[in-house]
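In the two assemblies presented below, chain A is common to both, partnered first by chain B and then by chain C.
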Partner chain A sequence: MLAYSLLAGVIFGLYFSLVGMGLNLVFGVMRIVNLAHGDVLMLGAFAAFWLFSLLGLHPLVAAPIVFAAAVAIGWPLYFLFVPRLLRARDPEMLSIIFFFGMAQVVVALATIAFGTSERSIPGRVLGNGPMHILGQSYPTAWVVSGAVSAVTVALVTLYLYRTRLGTTTRAVMVHREEALATGIDVHRVSAIAFGIGLGLAAVAGVFAPFMLGSVRPAMGADINITSFAVIVIGSLGNPLGTVLGGIVYGIALMVMQSYFSSWANLLPYLLLIGILLIRPTGLLGRTLRHA
Partner chain B sequence: MLRKSLGALCAVLMCFSGLASAAEVPSEIKIGTLYASSGNYAGVSMAQYSGLKIWVDQKNAEGGVFVKPFNRKIPVQLVAYDDQSNTATAATLYNQLITQDKVDILAADFGSVLTSVAVPIARDHHMLLIDQTGSGATFFSKDNPYIVLTSLPMSSVWPKHVTAFLTREGPKLGIKRVALLYATNDFNGTQAAALRDAIKATNGAVELVYDNGVPTNTTSYTVTINTIAATDPDAVVALGYVNNDIAFLRNLQDSGTRFKWLFTIYPGLETEAVEKNVGAKGLEHVFTYLPSSVMAYKPEFGLSLSEFRAAWDARFPDGKVEFGFNSVAGYTTGLVLEKALAATDSLDQLALRKAIVGLSGKLKTIDGTFELDEATGAQIGETQPLGQIELDEHGHLRFVTVYPPELATGKPVYPAP
Partner chain C sequence: MRSALVTVAAVVAAAALLPLVYANQLLLFNFVVFLTLAQGVNIIYGFTGYLPFGYVGFFGAGAYGFSLAVMHLHLAPLPALACAAAAAVLLGLLLTPLLRLSGAYFAIANLAASQAMFQIISNPNLTDITKGPYGISLSGVFSPNLSYGVAVAILAATLGVMVFLRHSRFGLALQAIREDPVTAGMAGIDVVRGRTLAWLLSAVAAGSIGGVFAWYVSVFYPETVFSPEFSIFAIVFALFGGIATITGPILGVVILYGIYNGIGISAPQYFQLIYGVLIMVLVLFLPNGIVSLFKRWGIDVP
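Here is the complex of A and B:
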């Protein structure tokens, strides 16, 4: 039972790495907190649902489409809102308030558009029956979702560490003003990162019906809490830390569900408190960040 | 002179009396309630609210609802706020309905979680709480006359036929090991406790091999299903809300695990919503409650199930609010209020309660026989038989009533193939 929980935790954790990755990338580059992150995920989930229901589009095909659409939407949204937020005396606090408001608007509009009912895509779309890994059986939909998450996270890592744009993105993450002084087009880099952040959330949404049971307009708030737990565990502003945070969260959740199921919803908060008390910079954090 | 003066005085008194009487007749009966347009309970809450609204619109189209103390029909005004499935917001809004809007009748939002905060508030304000679907057993006590449960039985009554089946028929079928999984809230917790007690009372003929709760917001059950399967149960009872049932049944299907006997609540209660998400095949052989939205009771008052369904489809053709038991529950609340207002001596809250209690055993609606425990206000009628879902030759869902024997329309399929 423990082996089953541990492996399930890794699969689930990979998915939550993807869920948290976009939020951490946006925070790392712009130092703004996107409280509408979970709602972007919800929109991605509904996009996948409607693409599947109306056009019969497979989620694996829908994922890049949804990603591209989110990036395309994220680019103008960045220039419309983010520079104004960054000019504020306290951009982090202002962004929390701003994106909280945005989240409410998105949920309200989604409720009007989609109704309040649960929606999902059949698990068999990603493969029939269970898949056997190391002597254990897991839903194929889970394994595929976990694998797609791993590949997506790997692509983001490649982008950050093996491309010129990624290098400039990391330079902005280290020090925005110094990056600006060296001639980096900070706004262009940030706009791309913002778009990718939204795109990653939307792709995570495509696989939400398989990992989270079903989707509904108000699911974003719970996703935000989990995402924050994941990125704080890993390290705020460090996208790679998100992978570790996701896996730690996933394993802890599955072990809790196996042995102390009634207490499982306390887990994100317990992990947050624990990490903040023991290692405030997160597992992969190097130094305290001075905002 | 004296006669003239007395005559004038009488005329003035009669005039004042008439004015006073006219002033006392309210221009409308205010029914205050809450709904959740978002959050965990949105789907079912909106269904319940929409059912109540169909009744309100129907009555207003007929010129209002007959109110006995005024001997006339009075239009109904529904004062409703959105609590977003949040108990803190709901508490504030229940207070607002009572103290600011000064509603004549207070009806709770869906389910035990959102009703739980209304119970003490209504009691403190000496306001009768029309509890529509909040069935937590702790809400009802002999020292609180300010609550009545209108549209479904209290939670401890719900599993009556499930426990009877498992403890009486189960051993004959070979069911001895039962796994119990429940979401940790009043509604599911009370049912789990009733089932647990019944199984303990069998003195070992049936035993619990798994007995654990999960948070109500749980959306991933694969690991839990694996843990339950490891206990090798003959029967699994999984109690949750609709989102729990959808996630559980989807995970069960995807994991390839099969239980010989499986009971969940919502395939019967919110069939459309569950079938859309799980698929008909995923519901085959699942045991569930058979509520009034399935049983088609013959009503002596109000619309029949087919008439109500037609009214619902006309009202919500886009399917954004799905038809299910909670739609019937909201409509039933309206019917109970209609009967009570036609029988009450005044709009005083305890008079209203007396009128509602007076309907006990006499009111037969689309929701079955309305029957209250007079002492506590808990619903003990409107019970729900145990059914099993089978597929017909076209692959459509078909409900088979398997218990109690007097209502049975078929034999249970055990073990599920």
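Here is the complex of A and C:
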């Protein structure tokens, strides 16, 4: 049972790192908190549901489409709102309230458009029967979702560390003003990062029906808390820390569900508060240089 | 100072006298609850800059403090209300370490704390103590008129605290902490003591009004009194009107909660759409609330 929970924890952990990655990228680059992150994920989940039930599109095919659509939406959204937010006196705080308002708009529109009923995609779409790994058997949908998450996270890493745009993105993360002074087009880099952030949330949404249960317009709020727990464990502003955070969170969740199932719901909240109080910079956090 | 007291007196008198001419006492009660909660948010957010996204935790702690005192200790409602306030203070003290976090971190941790409270209280393992997810019934102490009166008294006390904060050294010290804690500390302000006191004051406001809420409705479920909507509405109302003022949150509640009761109950998603858009517009164009418009036109409001 322990082996089962641990391995399931790793599979879910990979998925959770995808869930948190977009939020962390946006925070890392722009120092703003996208409280509508969970709601973008919800939109991605609905997109996958409709693409599947209307066009019969496989979620693996839907994922890149949804990603591209989210990036295309994120780009103009950035230029509409974010530069104005960043000029405010306390962008971090104002962004929480602002994106909270945006989340309300998204949820309200989704409720008006889709109703409050719960939707789901059958797990067999991703493959029939259980899959055996190291002597344990898991639903194939879990394994596929976990694998897609791992690949996506690896692609983000490649982007950040092996492309020119990724290098400039990391430069903006380290110091926005210095990056600007070196001649980097900070707004362009940020807008791309913002789009990718939304895109990652939407891709996580495509696999939400398999990993998080049924899809409904109000699901975003809980996902925000989970994402925060994940990225705070890893460390805010460090996308790679998210992977560690996701896996720690996934394993903790699975072990809790196996051994103390009635208290498992408490876990994300306690982990989040505990880590914030004990190690506010996260497990992989480094001390910031205040010049 | 005079105009502030006149405003407070007018609001309290209106809250106390309207039930005589308007039959829907529950609606008026909800207005009193939100007027108090919005001012409670104002104390902590307006004066110290900590955004209490999990403010409802105090409200729920108060409601359960009241209910447990009535159910297990068989106290009369008024002493039980003291337990409600005490429960909120206790939770506030337990959460003081969160004040070490700043900005977004505090808001998120506070939200998580209120959710954790809800998960603990509604846990089926605690059914013997809290009745778990099955809800609480206090029909023995049900007394709408008396509890309404007490709610108005709590509103009056909260507004009194606001008047004090607006016109005292302590309130000024808190605003200095909000602007720059380091400089405030250099100027001889006890930063930790100041913000802890403000935090506990806002906890007492929410806890006591939560206790009266439990008393007034007398039958409720944990998800009723821990609904994140309480925190969110209170914050939005306070922001909409204008924080760190007395009139701001009052205007916010009267206007927005008025709209909510006009359209929100039959079509909550349309109200959600409206207040979502309102929040976005406010943050971008009017971060100091509608009261700042009056100031811009040269009208001084308390």
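The rule is short, and it goes like this: the second predicted complex is superposed on the first by the 287 of 291 C-alpha atoms of A that agree within 3 Å, B and C clash if a C-alpha of one lies under 4 Å from a C-alpha of the other, contacts with A are read in each partner's own complex, and residues count from 1 in each chain.
In this text, a contact is a pair of C-beta atoms (placed from the backbone, for glycine too) under 8 Å apart; a residue touches a chain by one contact, two chains touch by 3 or more.
Bear in mind the structure is a predicted one, so any value in this text is a computation, not a measurement.
Novice: Putting chain B and chain C onto chain A via the overlay, clash or fit?
Specialist: clash
Novice: I'd like to know which partner A:Trp50 touches here: chain B for first, chain C for second, both or neither.
Specialist: After superposing on A, A:Trp50 lies clear of both chain B and chain C.
Novice: Looking at the overlay, does A:Trp75 come into contact with chain B only (first), chain C only (second), both, or neither?
Specialist: neither
Novice: Please work out whether A:Phe228 is in contact with chain B alone, chain C alone, both, or neither, and reply first, second, both or neither.
Specialist: second
Novice: Per the contact definition in the header, classify A:Gly129: touching chain B only (first), chain C only (second), both, or neither.
Specialist: It touches chain B, and chain C stays clear.
Novice: Report for A:Glu118: first if it touches chain B alone, second if chain C alone, otherwise both or neither.
Specialist: first
Novice: Taking the superposition on A as described, I'd like to know which of chain B and chain C A:Asn265 touches: first, second, both or neither.
Specialist: After superposing on A, A:Asn265 lies in contact with both chain B and chain C.
Novice: Once chain A of both complexes is superposed, is A:Glu92 in touch with chain B (first), chain C (second), both, or neither?
Specialist: In the superposed model, A:Glu92 contacts chain C only, not chain B.
Novice: In the superposed model, identify the part of chain B that clashes with chain C, out of 5-13, 41-49 or 95-103.
Specialist: None of the options clash except 95-103.
Novice: Is there a shared patch on chain A that both chain B and chain C touch, and which residues make it up?
Specialist: Comparing the two interfaces on chain A, one with chain B and one with chain C, the shared residues are 107-108, 111, 262, 265.
Novice: Once bound in the complex, which stretches of chain A touch chain C?
Specialist: Going through chain A, the ones touching chain C are 33, 81, 84-85, 88, 90, 92-98, 100-109, 111-112, 221, 225, 228-229, 232, 262-263, 265-266, 268-270, 272-273, 276-277, 280.
Novice: Would you mind writing out the residues of chain C in touch with chain A in their complex?
Specialist: Going by the criterion above, the answer is residues 49, 51, 53, 97-98, 100-101, 103-105, 107-109, 111-113, 115-116, 119-120, 123-125, 228, 232, 235, 239, 269-270, 272-273, 275-280, 282-284, 287.
Novice: Show me the residue ranges of chain A that touch chain B in the complex, using the header's touch definition.
Specialist: Touch list, chain A to chain B: 1, 4-5, 8, 12, 107-108, 111, 114-120, 122-124, 129-130, 137-142, 210-214, 216-218, 222, 253-254, 257-258, 261-262, 264-265.
Novice: How about chain B: which of its residues touch chain A in the complex?
Specialist: Touching chain A: residues 36-40, 42-43, 45-46, 84-85, 184, 212-215, 217-224, 226-227, 230, 242-243, 246-247, 250-251, 253-256, 273, 276-277, 279, 318-322 of chain B.
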